[in-house]
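Here come two complexes built around chain A, the first alongside chain B, the second alongside chain C.
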Partner chain A sequence: MKKKLLAVAAAGALTAATAVPALALENEFHGMFRLFGTVANYGQSNSSTGATSGSTLTAPELADNAPTRNFVEQRARLMYIAKANDDLKLVTHFEIDSRWGDSSYTNGRNVGGAIGADTVDIETKNVYLDFNIPSTPMNFKVGIQPFIDSYGGIFVNADIAGAQAIAKYAGFTNTLGFFRFTEAVGTLPGKADRDLFVADVKYDITKDIKLGGSYYLMHSDLVVTPGVGNPNAYTHMVGLNSSMKFDPVTLNVFGLYQFGDNPGPISSSNTGNAINTPATRNSKVDAYALGATAKAKLGPGTLKLAGIYVSGEQQTPAGAAGKDTGAFQAVAGESNFFAADMYILLRNKYNINSDRALVHTVSNVTGGFIGYDANITSKLFANVNVGAAWAAQVTNKGTASEPDSNYLGTELNAEVGYRLFDNMTASVLGAYVILGDFYQKTKGGTDNNFDDPYRASLMLNYAF
Partner chain B sequence: MKKMAVMIMAALMMSATVPALAADMTKEEKDQCLLASKNCAAEVDSIQKKIKKLNAEIKKGKKAYSAEEIKKLEQKLDEADKMLDQILSGPGGGN
Partner chain C sequence: MKNMVRFLLLALMLFSATASHAATIKVFVSEFSVTGAPNKDELKSTLQTLLASRLTNESVLSVDSPVGADVVVKGSYIVFGKVFSIDAVAKDQGGKVLARAFQQGESQNDLIPALGKLGQSLAGDIAAKVTPGAPEPTVTRPTVAPAPTDVVRPEPTTPDIIRAQDQTRTASGGWMSQRLSGTLSGIAPGRILSNDSREYFIVDANALRLYRKGDSLKLIAEVTFSPRERVIGIDSADLDGDGTPEAYLTMMDGETLASQVWVVANDTLKRVASKLPYYFRGIALDGKDYRIYAQQTSIGQDFYGDVYELVKKGDRFEIKSPIKLPRFGNLYNFNRFRDAAGASYPVVINEDGYIIVYSAAGEELWRSSDKFGGTDTYFKKDDTANVRTTGDPYRWIFLQQRITVTPAGDIIVPQNGGLFVVGNMRSYKKNSVFSFAWNGSTLDEKWHTKQSQSYLSDYFYDHDRKELVILEVVKKEGLIDKGASTVVVKKVE
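Entry: the complex of A and B
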């Protein structure tokens, strides 16, 4: 009898386990593949591993008689989401980048494109839990996740480890966040770090008018020499942003003011503490960024306008020991202003590892941009963009090496593409920058005679 | 003991036979899944298809959905748009 009961219980448990739909898991797979074949006269210096990484485009990449080169890059992204229900999911996102011919039979990111391939090169971009508290307006995102500031990414747009609590109610979207950028190597975990605290409010005044405000606090206690200088640097940022829709125009404006301790170059590096130790210099920052973008339906496409002013600094080096700086401190290599739709003046959202730009980290720049995206047919599309940029400040004031002008240059770019499938496009694009005298000439009479940088690319994009 | 084993086996078999019914097909029908990768049993929506479906459902408006449900669909559309943006041009785009 006892055995019979046990058998019935076991069978019952098995059927119950298979029958309860609430335990079902929804598996979501998404991703993309991009191929970029490029002919250019800038960028692309090989590292010892064959990998390339993003940087500001400077000499020797700008050169007289700059050599033309051609290369093919590819990027795949794979996203897997394990969704328990509408209120709970685990998001994972991976990336595999290579340049054809770079290296093979090795371990490391951004390679594996040489003959033989066989490289351990998968990057983990995101691993985070995204959950709601049932019957409340609260959402949490906890783990290594994407974060973009409320200012188009001019301060930070990166994958970062952290936690966000988001509450949506009565037209408000309120966010509190904590992100840990980096820890100093060789210290106790959590003893010397750079952290960002985020408080962000957005309010929908009407369906078409939204206002927002933010307070960001960056704290760093990364020090070069213990006991020297202030080990705690507090950098504050306050900003306002708004989005307004007056058919057919959508207008976004924003401003961000940065003050307090100079955080110094904010990078992801944690190996050389020296570059991450502004606090030892007792330097202050007093900087700001302003921007606006506008889009309007016009004819068969969309007319776009964008402008930014991001403050700079005259003194050399900016923020050196004891000196204050007026240069806006964006996160190095992890900031952008994609709304400009530039390829060489500023970073472009489609760039892969050869991503180089005259203004790579958004600082010390004034720019104006205009463009038009056209849908010629349901399959054929084209866009054209023109932008000009100036340095907000020039360094080496009063010396022979002071740039002759703060004019950085003017970029023209255009793309023509065809939608082969709903989720695949093929396009050709070209970009050319007429270099300004910021690069070409100095007050002391030097004429660098750099070639104007250009690129022509073929791009395939598949997203699913 | 034998009875217990039989019952457990029966329970397992029941749970294992259910999904096979989903792919039921008559002899005359062509298997579009094998032939053209269409209508496969385990087919999932691409992100673009999901966005298209959400837009179509939101368009149905209050005839089909309550205000609360429309809000939920709009939220899902917003999430899907952001996800596509993340995949195509998410941070780290340059590195």
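Entry: the complex of A and C
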């Protein structure tokens, strides 16, 4: 299947390259700059390079008498698109991140904010060719490109190397895709790797109802240690999704079922334990995710509702000792449910390098969220969100470490912003989480007495 | 003897040289004015030098100072897109125009040859009219012949000093309104009153205003909308046949199309329909009847399906008669014209700003080399799926400028230009309006308006009055400042 897909993609690229006339190049630029000034009482310590990286917010980040810290971080992105003609363009996308004061005169990503700056820190996010086959409804995207699943990103929302063939016709949008996540280091190229195959269909039943379905196949063959792990794990995902508009309400619902071989933790790492994942032979996965979001016009703004259930597993670690797992296997650090509009419970769409959340990788969570976005004037806006979340399953079941409750906590956040210019906003936001007993207490009587995590930020956001 | 011969020869040479010098006309070429070209300062003196050297012949001598010159030549160099025009006027010391001439070209390669031709032409005219050293030319020439119709000529230049009484008049005898507060985004014609004055519907993102044109624009009525609503377009037509045009406002309510229709009643604005799920645009397809057309949106597509004609039945508005669009076409960037044989040609401005002419079968026949259109009018839709990549939770959808087709089959399109147009950030600084005619193979330019140093946010062409009515943003909205706009009426003779 892989070879066929690649052959189709290569043939498509060749056809496009020979069919298109040579015309003047159009240069298209996009980009963004975001700056966060934050006061918070949670987050990891500096790494050895000074860089921050996103992660799940767990102990010891949560602490009794957690120290307050303040930091400023910034992110710039530049996208350059070289458009040869209506049917062919090269898309490139770069990123420059740093936290003020992190380090300088060095080489590495996410740094360069210390005095002196002068750091080689440009990251390449995307480089891909986007082309149409003239006189057909076919579009191809080939290269390192952004990809989000059809479920709001709960499985994967990342930049991945791969190829997509997309056909739009008669109300259909059909996609076939192949993505290579990782290769194990120290192996022959393409010998031990993790790939995702995508078949996705969307159909506009009416202008206000869209129905979609998809089948994802993950093949994990990262194992390099004989006798350890499952050398050929096939994990299947089938799902349905739908968007409907019943004025004034817009509704999205989705469900995704995951079954087959347990792929183990799906991460971007290709060293250490990752090269032997899935770590357990013959472990199976039987997991699912359900979600719904709704928006409705109300007063001067929009009322938002969202809910999600993503299955978990009681065993620790999930799928250990040859046992099957019920935990949904999302891509670690590359999945999200932005519709919740949380800052601490779940990842937020605006977070950058200090991105931390109680549920960072979408798994083992049940949540309900309600919010309201208000346009106070044409320039002044505000929003408020409340969300509560529970673990779908408590871990360490039957042991003294078993959490006293599956209640993760309740977050209240609010933002007030002003559109300084069409493309630029300045806003002040705050988020506070009342930690639940999933974190605070255990069945064994431990009372962690963690401080409730909070943050307050000033954000400047400029996008073009 | 030899010395005597040498002396005589030398004397003869000196005499002949002096006599020759005495017969030449001294011409001073002043510094050029340069418009629309980069390196302005450098070009001013370069062009001056080039023309001065090319003017010189046996009758005309270029001099370095206007003092003592018989003739002073002033030149201008104007660039529109890739086309340039060099114009020069020669005047005597009394300020009387002796000759005018121009040359044009389509690339920088044509510039020096054009200067050569211009110099020869001017030198000939000057030599024919001027008696060297005489205070007045003895021969008068008829005014310069009108330019052939296929030649680009800049409009007459605006006087250097505009006097107070001229402030409401454009160089072509048109009209200019006073400064209007706000960054206005759309204009549509309203009623023509008994005294022949015209009313205009003008919108910004949050208000509809009715102005009446007199010596200035007088605000007659105004309605404002909630911050959740956004006006993205205004058109007018008399669909109910009562003799009074209705205003068709394309509006977004949040992310929902919720357009409205307003009428004028006793100098007030009255809403007659709301929550209409259509984009509106007034179009005279094939240059025929001006009608309101509509298009819908869907969950997955910004512009969904065909374009329809909007009709009013009683109190209700319905859509009928679907029109298939060519590639890149949507309600806001397309029109259709017919050639002399009656063949129909859809025309669009694509997302990159190029005019594309299609055959009726949808085959692309021609594409402009220069970019046209250009707009800062947009609405946003939720784009959470791509926010991780774009950094913007919204997708911006820009609505292209109108393509007008006249009853004669000519095509009128505006052209906004600027320092930069990057992604969603538009910084249009100047505009011009162009007219084209289809010659069977390409669109030929017929005329264009003098470049204006403002962003053209909207316009309409009144064929009956032969007027271009242009809404210009003369100052963009700032952090605190609301910006300013003006309405300019230009005569198209």
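One rule holds for everything that comes next: the second predicted complex is superposed on the first by the 430 of 464 C-alpha atoms of A that agree within 3 Å, B and C clash if a C-alpha of one lies under 4 Å from a C-alpha of the other, contacts with A are read in each partner's own complex, and residues count from 1 in each chain.
FYI, a contact is a pair of C-beta atoms (placed from the backbone, for glycine too) under 8 Å apart; a residue touches a chain by one contact, two chains touch by 3 or more.
Remember, predicted model here, so these are calculated numbers, not experimental data.
Of the two partner chains placed by superposition, A:Val416 touches none, neither chain B nor chain C.
In the superposition on chain A, A:Lys349 makes contact with both chain B and chain C. Touch criterion not met for A:Leu217: it reaches neither chain B nor chain C. Applying the stated contact rule after C-alpha superposition, one finds that A:Val201 touches neither chain B nor chain C.
After overlaying the two complexes on the shared chain, residue contacts for A:His30 are found with chain B and with chain C alike.
When the two structures are aligned on the shared chain, A:Ala463 is found in touch with chain B and with chain C.
Once the two complexes are laid over each other on the shared chain, residue contacts for A:Gly333 go to chain B alone; chain C is not touched. According to the touch criterion, the shared surface of chain A, contacted by chain B in one complex and chain C in the other, consists of residues 28-32, 77, 79, 93, 125, 146, 148, 153, 157, 159, 336, 338, 349, 422-423, 461, 463-464.
Listing the residues of chain A that touch chain B in their complex gives 3-4, 6-8, 10-11, 14-15, 18-19, 27-32, 53-54, 77, 79, 93, 95, 123, 125, 146-148, 153, 157-159, 333-334, 336, 338, 347, 349-353, 355, 360, 422-423, 461, 463-464. Within the complex, the chain A residues that touch chain C are 26, 28-32, 34, 75, 77, 79, 83, 86, 93, 125-126, 146, 148, 152-153, 157, 159, 173, 202, 204, 206-210, 243-245, 247-248, 250, 297, 300-302, 336, 338-339, 349, 375-378, 420-423, 461, 463-464.
Listed in rising order, the residues of chain C touching chain A in the complex are 205-206, 226-228, 253-256, 277, 296-301, 304-305, 327-328, 350, 352, 384-393, 422-425, 479. Every residue of chain B that touches chain A in the complex is listed here, in rising order: 1, 3-4, 7-8, 10-12, 14-15, 18, 44, 46-49, 83-84, 86-95.
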